[in-house]
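Since the structure comes first, as structure tokens, the remarks are kept for the end.
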């Protein structure tokens, strides 16, 4: 049995990055954790059409893994197919955005979100509205980083620090959420620079999945 | 130029029913209104997987009609692809659920929703949450009507009346929304029986689309 | 039958401006659109006392037009008498503020409002609270323009652009609403300058009224 | 200086009832409390048109009393003219509905409201929405008592008890609010019968006004 | 019978300050007002542990005064023990934070809060969330004043003025609340400097308590 | 290192029950799980005074275990001392009520809560309000079971089934939460009887704590 972290895009670099980020969590997990990807998915999830369009192949892939899965994690901050996969699967299903928000809710009263681009913000707002947690949001601010910027580690970190300072000081965020799946390597330094917890959503979701695998054992044992 | 009402399922009976329901609205519309369907869609939209899965063909179909379209209406009460089509198209895009809710908000302080089955209710709740209008909801109650029941007109009407009475009297709904696309023929009688306005969502969305076509003229004229 | 746009103040200049703004919408309307005014109303609606005080003459005027009306639009951004006129009339009744907000809700997740003066803002907040849509508000910012400023077209536009930039960038508004009835002539240029849709509330309400006239035909036909 | 309780209708019976209800509060008030009425008002406030229509004479009456007033209380559960009178007057201005709700918020987590007729309920919902306190509402249930019923004391009490039991047991109300101005005489017995605090709104508002008169002294003294 | 203002910390300076602030209110109160303190309490309430830890001695002290009390006011802006004291006592129980908020809700649509330090802000957010009034909050901004700053009257006032200007202009606060118990002496000047009402929470709560003592007389008289 | 489940009451029976409930979770936990109790606590947490009063000894006990703790779980459905312990400790701190709610939010759109007695319900409402998740609540219904009833297993289960049916059918709850710490043994049967997931809060919190221990490893590793 395995916890499957499903990267819904088809970028091997992203999938490998998620896989590496899982390494420390594996030592605490009762089951293996595997990062996989949807080869039919787009190179990156950038539009609502990408979000909706990847659901079918994601469901098909998960269906094939159902018998072997302890839990599923959808590893894109728009949580594509989360509701659909919950209807389809008997396993615990977690999304990285939802998990990051729920985890943040135990670490501070108001959370801030870093979005790569401003066009993702309304998508996040719809998600937070559907979750019913808008009162816990400090702000969701875009980094407005293009592809070129993102390859420059110093520039990206400087911008994260700048926006994070604004989330903390102008908007009162006590805890910060990285609003995309590929920024694990900045988490620790950013948290130290800002003096606030920073949540990387893949880690948060994998951690919740580990908890759910434990919970499932309680359920089966009491039933059996 | 045409207002396209896109039935995202592949049922000719449903599409024809929507087409007939548009007849009286056509006399007041400055452009033709055409009901079309997605042949790649499922027979009926019953699960979240259906909702998400139909988005790709729906976007493709709408892309092909873009040059010819005055406005698009997505004609399924789960509003599949609404956000994605808005990102893709330059035309006004309306969903029948959203339009029904916005129309209801001008007819009473709290609206009630009839759902065919209880399993649609959480999907509606997520949508109303994302819309940020939960405080205007009186209740969303399931009819729990199976296929056999739905073909029996008397049984269906009796159940609509019973649930509508509950929405009105126990939950304080001043206006009622039919939570699926195929019940136009009950609207007038139900409204009379309950003494409250009843909104049929395809009609409400087509009416809003007619308004938007008019609005677009104001926009072009002042720009030109 | 006619759609009556009722300017609740007694300023002929304002009424004529509304009338001109209706011109392009008329070509798409199945019925005439007439802008009228309340001669007993104040020169401008500036206080809550003005809002409440104009309701009686507005109701009287509308009562006299009931037999001839397809729909009523109350054309002041405080929507004076909206609830009262809905109780009195059998026709569709729309307010320009409510219509602008509902229209904005289909164009973006969060809307911003331009208010002429800061003292209108709490009135708008009460209205948005009563509508139950506070979570969709990005911000409502005052232009703080006096009468002298408003006659200077360049100064007014510069201020609209400045405040609009703030609504968009600092508050995340995706769509913007002009919070008074007399700024139609800025709409197109402002929208272009900001790269976001800008809603002029009289146009938005008239468009919704056209849709409602169409909807009413569906209702009568299915009843008859 | 006097606390003026302004009954916005022209019913002497109602005004006298309010006046009698003030008797015990007078012994604790630092200033006289006078119940007056608006002779131009309707016999009873039953529609939104009544609510809006009474604002002008109410403002005029209050303006004449401004120099002599310690505070104003608007004594109708729709709080007509509350915002307008606050803009006009330098004195504390309280509405009986608002005061009852704020008082209830210190006596229990969720409050229930008794409305005379169901048609008042949407008016109350708009008010509670504008106050931003919908999450504290258990339910607002109509007594549906006609004029004949209201003259029958036993029938009225039986119905209050029945609806109050429903508010408490089916909706979880910990504290109950009488949603009109003329039911003071039932308050004590109803509270005992239900085992829950029952708030009569004129009393609650007069009590808050007494507090405000005390507060104003602190303000003047520290300024002087 | 006496209104007891209970300072839950053990600072005589604070208690004496509250006592002096009550002086003008006493002339309008039907019963004496006494400021007392909890000698077992900390020197100042600065952490959530202080808030929770002081509840037991506060309840014990109030129990001893029950027979002699007209009302209790808990005089710390975190309202420690408010719910517990309400369960224990038969008297009206008010907290200064809750009272300040409820009073502010009658003076403007959105209120701003001055917090001494940013670490109090999440505590306030939890309280406002539990009160269900988040939509009425403009912002809660920290002064970030240390002990040294607070002893410098000019520096404190300058910072209050600066933060108050921000609450008013950048966040739209119409009314301002001093978010701690020891700033009475700044209230009048700050209100004048900002041109907005400023609420000192001990005064606001004592005023509400005076109202409640008056209300209790109405209750006893109608019962007897 | 150990996950400490702290029962804040002094009942050995309750602590032992929690300990047994942890058994299956232990097989999936990377660290030991120990259930301890607060000997200075009351026999049961029944009032707000109990909730607040137990915080001091709970903090003291946790302080003594800090060096040895992987995480803390506060095992009482009122989550006493949750915010205070988070301020004091460097470890992950979870409350069973908060954890149950967050877990439920991943299993259905609206959750229902079983309370033992109606007097706990307002306490829960304040907590859910502070969490900002009121829109996700279907209902919180009391079992109204006395001590005698609770010792009768059949009577308790029958009542759980009856109230659970009401939560599911009349209030639309998709997932149900046992609102106290001692009902683990009913969970599996109740879930089967109702056809809905039932969350036992100690299990849910322990599962989340296991996830957090895993997450902490990711944090330390990336920092080191």
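We just call them A, B, C, D, E and F in the order they show up, numbering each chain from 1.
Quick note on the criterion: a residue touches a chain if its C-beta (ideal position, glycine included) is under 8 Å from a C-beta of that chain, and two chains touch if they have at least 3 such contacts.
Quantities reported herein were computed from a predicted structural model and do not represent experimental measurements.
Enquirer: Keeping to the contact definition above, tell me which chains border both chain A and chain B.
Expert: C, F
Enquirer: So which chains count as neighbours of both chain A and chain D?
Expert: For chain A paired with chain D, the chains in contact with each are B, C, E, F, in label order.
Enquirer: Compute the distance, rounded to whole Å, between the mean C-alpha positions of chain A and chain E.
Expert: Centre-to-centre distance between chain A and chain E: 41 Å.
Enquirer: Distance-wise, how many Å sit between the C-alpha centres of chain C and chain D, to the nearest whole number?
Expert: Roughly 33 Å separates the two chain centres.
Enquirer: Quick one: chain C and chain F, Cα centre-to-centre, how many Å?
Expert: The mean C-alpha positions of chain C and chain F differ by 50 Å.
Enquirer: What are the residue numbers in chain C that touch two or more other chains?
Expert: 126, 129, 131-132, 134-135
Enquirer: Hey, which chains are touching each other here?
Expert: Pairs flagged as touching, ordered by label: A-B, A-C, A-E, A-F, B-C, B-D, B-F, C-D, C-E, D-E, D-F, E-F.
Enquirer: Under the definition above, what is the set of chain A residues touching chain F in their complex?
Expert: Interface residues on chain A, with respect to chain F: 21, 23-25, 27-30, 92-94, 98-99, 102-103, 105-106, 131-136, 184-185, 187-188, 192, 200, 203-204, 206-215, 217-223.
Enquirer: Flag every residue of chain C that touches chain D in the complex, lowest number first.
Expert: 47-49, 51-53, 55-56, 59, 80-81, 83-84, 86-88, 123, 126-127, 129-132, 134
Enquirer: For the complex, give me every residue of chain B touching chain F.
Expert: 118, 121-122, 125-126, 129, 134, 140
Enquirer: Which residues of chain E touch chain C in the complex?
Expert: It comes out as residues 108-110, 135, 172, 174.
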